[in-house]
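See structure below.
All chains are identified by letter, namely A, B and C, in their written order; residue positions are counted from 1 within each chain.
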């Protein structure tokens, strides 16, 4: 106790070197960027502009070759990937069975539309509730074993759902043909989803896009709020050091179950929208490859961020639907053929890119962007 | 009043008995140190008390209540906190968040359904985290990413995490392992200070005899999982059986 | 049905029962071979190999090409003008050559894929091997096409054999059971009685005990991976003639094999055998009794085992709470 001053001096000394390394804060701008209203507002604007830029804007859309339907599909998968990433990126749990929630909700939504109500909002609500309950049950079993077993068990139970729909339940699900009797009614009883939005169809396209877009914004807001609630901190604590989290007195198991349920529910929202979008539920929506696709999307886009997986979903679907149609890969502006039958290689190329991302950029494309942006900012701030 | 009591606590791994029928009683406000050669079962003992491991036999009571069937987080919620041999922190979170997680668990219990409530609404968590960081002299580095701290500060942060859980009993597993003599001295002062300020009861597992003699009121010597001597530091030091146990073992 | 007291009916039922049980044994045999590799790699190296199915895939195609000569259609190889491919050396040659080939592939995989990732989080290991599995599968799809090839059973084992009580039974299935049994006994001896096996046994026991005993586990990780891979190769060769050969078989065999590991307990060879037989028999019995539930049944079995005994039937490790 008598040496008190020495100790403080020590602390100040090694503290000094470290403070040097902390990020300098850009008070007004960075706080604005991190505020909830900014995030929701920016998402709304981006969602509103997206179909126009993608499918109709001059020059840009010609380059992109996009179309309206793909724009809504990208948002739907974006919700799925974002929900999946709450688990992988923030809680550190890798699920290989998220097809169960996506496909399960898709079937639940489809059945609900025929049996109960064709109101789009109620369809989504029904699918989501189903996914949440399913996540509760499956999480209860899959989370009994930690770490590596979780991936294996979620994969296994996802496959169980697939085989359930294929055979024992084929009387309800229509087996391998997929569920075809989906009935989608009008939004709030007055807006037909397939009709263009009067006056704004150049921007938004159909009411269906408005519906999907609004739910996307809502899901982003919800996920952002969860990450900024105590849960967000606990999830990251579990990812960083699960044992420590348990030994500060947190019920890690229940928080993991909650992460699984929230993540599964968002997958359920997306799956229900997928049913509305296509008026059809393919059996493959429950197959493990669907789980694999969402894993690839999230990792490509970047698991360390909220928006990375949405970007990844866009990229994946873009390559799948547009790039895969390219017959020959040529050197730009010439007729020199680099790769004949390019379309057949898209899956392999995605696989190779996926492996490269894991080895070289574990934070994905979004992380790469942020590193570049941080680099530029550091250059700009170098004058101090 | 007896805070922690173990009766016949035993743990065997396969054929190997790591902890063998240990009876231990720690009075409130006491500082007790468990020493012994490598492999004597010291860490296993801490792991048993904090419910990281299931005992093969025996009873553990805390505040007169059996905690033998508890989950680790329930033990922490009852008031037993621990530090680990290696600095066990949340590396990619800031120093402040590290402490906040522990404060959150202390203020809110082990689980709550508050995932739609913004973190900014929890002033008491922030306040108590800052108080603890101040106590261990890390407040100035609260925005630093934890993994960027120097090793000694990481250990201090770990202590802060353990303290932010608001324990009555603090178990420390070699808190000065891997530290320089200066860091060790600073840690000893820190332990003494927080003990006084927070009225903690301490169970310390340590190799460094200087630390042990500085901190402990009472020493328990473990050898091959069993208690072979127990008493005030001076008594234990002269015990022939203790010297025997250390002969040929790793020098403490 | 089986409990009818009338002697004739009982015999009719009995032959059916034994046929079902033999089918289950054969089905389980393939899973056992794949699962042992998964299990010792997971137990010793703490490495989850989602690309283990790819090793099976490589084993099957390699087996096909060593055994027979095929006419590739639909893939790039056909486009490039390869009208026939393969050595046509017969099945026994494949049974010797393919495990060696896949063993080498396993060594390469350990050295260049697994080893750089031992220090990365579990999730990164899984993601990496999952990516690798996709790449391997796509390469085969591009080269050989997505369609199925027929891996004909060797002529000397293609017909039915007449067993007492059972009657006619496909001879090949008996060979699968027999070959698997021999291989499993060999691997069991390897692990139980050699220095190499000591590492496997030590690594899969309680990690804390290993630390307490001061054992350093830095030795033949390479071998563990290679042996595990070779077993997947054997599975590919003997399993090839049972099912159609196409690029998806790797992942199709991977999921049930994981279940075998989970049910049997990580790192335990006898556990893998027990788990494999349980899953094979469950499948075979359900196929006979309630076919629409057959696939679902094995997952339910895994869930029940897991709830009752989280470490698996013969698993020894302690399960963290």
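The rule we apply is simple: a residue touches a chain if its C-beta (ideal position, glycine included) is under 8 Å from a C-beta of that chain, and two chains touch if they have at least 3 such contacts.
Quick caveat: nothing in here was measured; it's all calculated off a predicted structure.
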Open item on the list: Can you tell me which chain is nearest the middle of the complex, judged by mean CA position?
Closed with: A
Open item on the list: Measuring between Cα centroids, which chain is at the maximum distance from subunit B?
Closed with: C
Open item on the list: Taking the mean of the C-alpha atoms as each chain's centre, how many Å separate subunit A from subunit B?
Closed with: 41
- [ ] Would you kindly tell me how far, in whole Å, the mean C-alpha position of subunit C lies from that of subunit A?
- [x] 34
Task: subunit B and subunit C: spacing of chain centres that average the CA atoms, whole Å - done: 46
TODO: Indicate the residues of subunit C shared as contacts by at least two other chains.
DONE: 321
Open item on the list: Multi-chain contacts only, two chains or more: what residues does subunit A have there?
Closed with: 243, 246
- [ ] Among the residues of subunit B, pick out those that touch two or more other chains and give their numbers.
- [x] 71-72
- [ ] Name, in rising order, each residue of subunit A that touches subunit C in their complex.
- [x] 88, 92-94, 96, 141, 144-149, 151-153, 155-157, 159-160, 163-164, 166-168, 170, 243, 246, 253, 288, 292, 295-296, 299, 341, 344-345, 347-348, 350-352, 354-355, 358-359, 362
Task: Of all residues in subunit B, those that touch subunit A in their complex - done: 50, 52, 71-73, 76-77, 81-82, 84, 88-93, 97, 100-102, 104-106, 108-119, 122, 125, 137-138, 140-141, 143-145, 148-150, 152-153, 161, 164-165, 182, 185-186, 189-190, 192-193
Task: subunit C residues within the subunit A interface of the complex - done: 42, 46, 48, 50, 76, 79, 116, 121-128, 130-132, 134-135, 138-139, 141-142, 251, 255, 258-259, 261-262, 291-293, 295-296, 299-300, 302-303, 306-307, 310, 319-321
Task: Residue ranges of subunit A in contact with subunit B within the complex - done: 1, 3-4, 7-8, 10-12, 14-15, 17-19, 21-23, 36, 222, 225-226, 228-234, 236-237, 240-241, 243-252, 254-255, 258, 262
